[in-house]
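I've put the structures underneath this note.
Here subunit A shows up in two complexes: once beside subunit B, once beside subunit C.
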Partner chain A sequence: MSRRESRMEVDLPGKIELIADLPGHEDKAWHVAWNPARPLLASCSADKTVRLYHYNTISTSDTSDSSSSLKFELNTSIATGHTKTVRGIAWSPSGQTLATASFDANIGIWQQEEDEDGEAENNVNGGGEWECVSLLEGHETECKSVAYSSTGTLLASCSRDKTVWIWEVHPDADFECMGVLMEHSQDVKCVAWHPTEEILASASYDDTIKLYQDDPSDDWFCATTLTGHTSTVWSIAWEPKEGGYLASSSDDRTIRIWRRLPGKGDISFECAAVIEGHERSVYSISWAPAPEKEAVKDAGGKNLGWLASTGGDGTVLIWQINEVPGEPDKSPKIEQTLLARLDAAHGVHDLNAIAWCPRAGMDGIFATAGDDGHTKVWKLILS
Partner chain B sequence: SRHAQFAKPHSLWLNDPDSEQDTDEDDSDEVEQIDQDEIFDLIRSISDPEHRSMTLEQLAVVSAPQITFNSKVPDRVTVEFTPTVPHCGMSTFIGLSIRVRLLRSLPERYKIDIRVKPGSHESEHALNKQLNDKERVAAALENPALLEVLEQCLSTAGRST
Partner chain C sequence: MAFSGALTLTDLNDFITPSQSCIKPVEQTNATPKHQSEGLASTEIRVDSDGAYYEVAMDGLKTKSGPQQQKLQAADISLNDCLACSGCITSAESVLISMQSHTEVLNFLASNPEDICVSHKVPVLSIAPQSLASLAASISSSSTSTPLPLHRILRRVEVFCKKVLGFEHVFDTTFARHLALQEHIREFRERRSGQGRLPMLASACPGWVCYAEKTHGEMLPFISRTKSPQQVMGTLVKEWMATKWHKSPSQIYHVTVMPCYDKKLEASRQDFYNDVYSTRDVDCVITTGELELMMREKDWDLSVPVEGEIADEIAGEANVAEPPLPTDSIHLPELISHPGTSSGSYLHTLIRSVVQDHPHALDLSVRNIRSSDYEEYTLTDRSSGEVVFRGAKCYGFRNLQNLVRKVGKEAGIQVGRGAAGRIGAMRGRAIKTKKGDTSAAGSTDKTYDYVEVMACPGGCVNGGGQLRPVAKAADKATDAEGFKRDWESSGVKIDEEDIGRIQGQSGKWGDKEWTKRVEVVYWHELPTPPPSPTPEGDSGSEKILSHLVDAKTQMADKLSTRILAETCQLNGDEKAVSWIDDMDQSAEGRRQKLFRTQYRAVESEVIGLAVKW
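== the complex of A and B ==
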């Protein structure tokens, strides 16, 4: 019996069902991002395009089955004008702006032209063309990731040039650089903002994670460095509700969960869990809050939601993360339970990105992007 | 080693705008069972970036026994190579040329790890890390100057020796 066949027999509480397979990119699909406000899914690729898919949201009385009627259609393919791979994309919280991070060292800012009725955001199928309203130059080499803060007032970008830039978002697509953080000793692979506070995390080829804060009377600064991974840290994701935890994934094939320690003013973290399960680099993780009805399941424990991970082994793993009380006077403990596993999600290809849909009524829906140029949409179904 | 002259600040691999460009003749078909010797045949004739008239085989940079298969998953292949000198500045480029040759020639199901022979290079860890970072490799292949040198070194690959 082959290794893969034996895996199929493992009895897990959940299964992963394919909702949509969206081919179209002519080269690797590197990243995928759900619009937080509108039914749009974006993917980006080495083919230098961004593809936008619209999905219907048929409202039915049986909400538990709403996803089975989800249909995805290509809305538009944006020829970005980037001269190299589009590596990362991020939506603003309002869903009206899309940022692109390219190997051509630039960050593109995209908005939809208003159509004749001036109702771009209400017209998901039509509306105007997506146009580049601003190009943020400054990085010296490949940009790898871009992220909006929770309020949408700040944008962070990072690059192989070892820097993290923080931009303030002004009206009329005007951006002001608030800081250039030169803390990492190697490529910065990923940036992620805290869900409620103005705290930024960055992950690097130097195997570390750094956290930054603004000093009101001075500049942005590095508040702490998290060490423990033994190779490149590819991806980071905050616990989405309170941001009390940060997850990281690495070329060392592990995922780490870091707990933010209580304390006034300063920021400090400890490693709360090391999760194994992948056989090659873990390129991407995404953390979704627990559905309301399942938030508190076990007495004494707290369901912190679902962590999805994927990477060079082509496998998707979904974990439930629980916080359980520790010994008296000790920190709580993190326990992870594997809910579902999907091998060969994009056939023989690497998976580069995974992202839960953040919109209401879309519990369990996530998207992946792979080296085959496909974007796929999946649903976690718990028995 | 005059390889050092290729190194320029913004390239991780090299930056050497050189003479005319050859196209890689990649005529390999998909094969079901691929063994050590077949993979070796794909890389043995790659030209050394410094001594262009010499192949990686002739310089003993690559050899068939340095190609190994994961015992559980035979599609996962590790290709080890031996830099000519422990401080060879072209080692990342040689590793890249091996990776690209195999990317273009092997069926898509193959996952390749490239490593220098343990103890053979003073920057062994950094080299191995860079050669197996798919993002750095992808970015390197979008660098026209680097790609041009790469194509020249790969133009001899697949020729009988």
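== the complex of A and C ==
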């Protein structure tokens, strides 16, 4: 009996339902990002555009009804002016600013032109045009990823030039370079900020993950390096509530969960779990907090939420991550349960990105971007 | 290939790492031979036991005659290629610097014919004061012990170079810096009077110059055209001294010892090549580390005093009182101190010059921006409150980024490669619309007149070619704060490179404590402590003004004026009063040639081939 067959027989507690299929990009869709404050979903592509989709806000509290009434429509397509692929996008926490990372080595900063009354966000469909208010130059070669810190005061970017740059966000679309971190020995694939602290993680083709901190009297520095993956680390995601864990996905087809060891101001991690399940490279992961009603279910442990993963096998896997007490005097353990599985999410195409919607009332909603140029929105339904 | 030992030891840790888009790997120089069988579909590359590469025809494998194979040429990358390429930014030391290594120096000295031969070259060595400070710091046992004065290190280096290596002359580069600083003042005055753009940006750091040429061509008009001390020294040796010695420039072999790898690149620039005599102003640049390696290889102990080093000291002081100015012998004032920064005091020299020229009393205020690597200096007229001068020192790659953004913004020019024309246009529009709200607040902020830019954090004392601190072997079990750590169990891999560096005698580049130590040693010999102006700004300018202009400096001024007149062939009737005075037109033309240089932007293109997603 092949592995695939055995897996098919397992009764999983959840299923994944398609909410919207959003074609439009003329080339591979590389990344998706949900606006944290407004009903907007952004996708970017090798066709050098960013597409923004608006969705209707959910008015009823009954989620099973609302999902069926969730409608997505194109809000605008931004011809970015980047001369090469737009590889990554990130919204600022306020939802006012969008950052684009392009293979043309630049980071674009985008804001919506204010209306006459200065209230851009209230006018969801109209509003001003998105314009590039700043261009962050400095990377030598292709930018791969960009991320805003939890407070929105810092922006990080990474590139094939092996560097990670940290910028401080100033008023009037001004930026100050706070650090150029030349720690990785290869292409840097992904950057991700801790959900509450100013700690940055980066993942690289050199198979490692590095964590950076600011020395207030000095510069940003690499605080620690996590090794264990046997190939490229493609994506990283923090446990979204407290940031006590970091998940990483790799070309070695595994996902690793790293536990931050307690200690004041100290940054050290240990590998808490190695999750297998994908048959190809795991290009993207996203970690959502457990919905309120789910979080209290297991009295024995702590529900750390849902981890979604996807990649070169075209499959979406969703895991429930639990922290359970370990043996006396030992660290707690991580237990993962596969909640749902979706094969061929974009047909025969690779999936490049997966992202949970962070907005309230949108539990279980996530989006994917694929080589077919489509962006799809899905909902996890637990029976 | 001949990497010098010091290079392989340190190149991985230099400041700006090489990039993958070097022009050389994509350049195809060897044409395919025509006699090969037609329709040859595929070939493969094989490596033999000697490390040579062969292109082997796949079809050939099947034929009886055996595989057709063709030895492939190894790519040969010269420093000139690096200068013309935007592939990597500065770290050309990681490619083949076979022309500029300590082995090259030793080879030259070994093959240099006797001095009675016509082809004999006079070997001259010039060493930077930062290199002397690094050497001095390396032989003082602990941070508490009193470091050796630089002139004693200079004596020891001189004896080593003359007795062991066979150099005929050994100088330090501070006199050349003295000339460079004066020319710098002159250039700044020119720019202030409207001939050229402000802010003027320092040009002594070749890492910065190279970076600007490759990625920020729009910054080039701002970069000072004054030659760096190394290249002024080159001019002194190959022009002025050569004449004194009745030699042609090509009959001198000039080696400099520098705290910085990028000085090798600087010396290789086309502008510093003498076409007539086919010689460079500086023939070979070695780093402090390479000099130290030579000493170790020759079993020379730098910590052992040399004969007469203290007597020389006394004699040296006596000389200052009665400066000898013989007509044909070369005696440069040694180790002239230029108070300000350990990276050459370019900013402070200009501040002093502005203070001297201004009719009224000026107040100096200093603002520290996040770290001592970025400081703003403002001179304000005490009576009118008007800002007369605003300058900054800006060290390190990160601060350099912000400087480029600031200068570009203030000058209203687009920075960077402008990869996206449309983005540029859109950005311009956006800024314009914002300007209306902010211009009132921004207008009171005077823009910079001058910035002392250095690529290395900490400046030249922390150059990539400097010696590393001696690290304790126990360090690897503790973390940066000295706490014991079990690295392996916490999933942390200790970088093998790091282990190598720690277990060897060398510590990590950029060690803050070590840099501080070298800085202290650098200033150790000053008659007065260096004027690090107080942040309060009280009496800052007086402090600088009141700095003792010692006899040595006076002597240096006198000699520099003489050199200017001689090298620029000033008419015997005319007399230059000082370095910065105007001379006649032809003499000024020669000054431009001898003491100024130029820059050119390198076209940049991110190569889209071989992109890994």
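Definition applied: the second predicted complex is superposed on the first by the 370 of 383 C-alpha atoms of A that agree within 3 Å, B and C clash if a C-alpha of one lies under 4 Å from a C-alpha of the other, contacts with A are read in each partner's own complex, and residues count from 1 in each chain.
We take it that contacts are C-beta pairs under 8 Å (C-beta built on N, C-alpha and C of every residue); 3 or more make two chains touch, one makes a residue touch a chain.
What you see is a predicted model, and the numbers here were worked out from it, not measured in a lab.
In the superposition on chain A, A:Glu270 contacts subunit C only, with no contact to subunit B.
When both complexes are overlaid on chain A, the residue A:Glu131 reaches subunit C alone and has no touch with subunit B.
Shared-chain residue A:Arg160: touches subunit B and subunit C both. Applying the stated contact rule after C-alpha superposition, one finds that A:Lys330 touches neither subunit B nor subunit C.
Of the two partner chains placed around the shared chain by superposition, subunit B is the only one that A:Ser231 touches, whereas subunit C remains out of contact. By the touch criterion defined above, A:Asn106 reaches subunit C but does not reach subunit B. Contacts of A:Arg280 after superposition on the shared chain: subunit B is touched, whereas subunit C is not. When the two complexes are overlaid on their common chain A, residue A:Val348 makes contact with subunit B while staying clear of subunit C.
The partner of subunit A that touches more of its residues, comparing subunit B with subunit C, is C. When the two complexes are laid over each other on chain A, subunit A has residues 84, 87, 103, 140-142, 160, 187, 205 in contact with both subunit B and subunit C. Subunit C meets subunit A in the complex at residues 16-17, 19-21, 89, 215, 371, 396-399, 401-402, 405, 415-417, 419-427, 429-431, 434, 437-438, 457, 485, 489-493, 495, 512, 606, 608, 611-613. Put simply, subunit A touches subunit C in their complex at residues 79-84, 87, 102-106, 108, 111, 131-135, 137-138, 140-142, 160-162, 172-173, 175-180, 182, 187, 205, 208, 217-219, 224-228, 258, 261, 268-271.
Touching subunit A in their complex are the following residues of subunit B: 10, 12, 72-73, 75, 108-109, 111, 129, 132-136, 138-139, 142.
For subunit A in complex with subunit B, the touching residues are 3, 28, 46, 84-85, 87, 103, 140-142, 144, 160, 187, 189, 205, 231-232, 251, 280-281, 312, 348-350.
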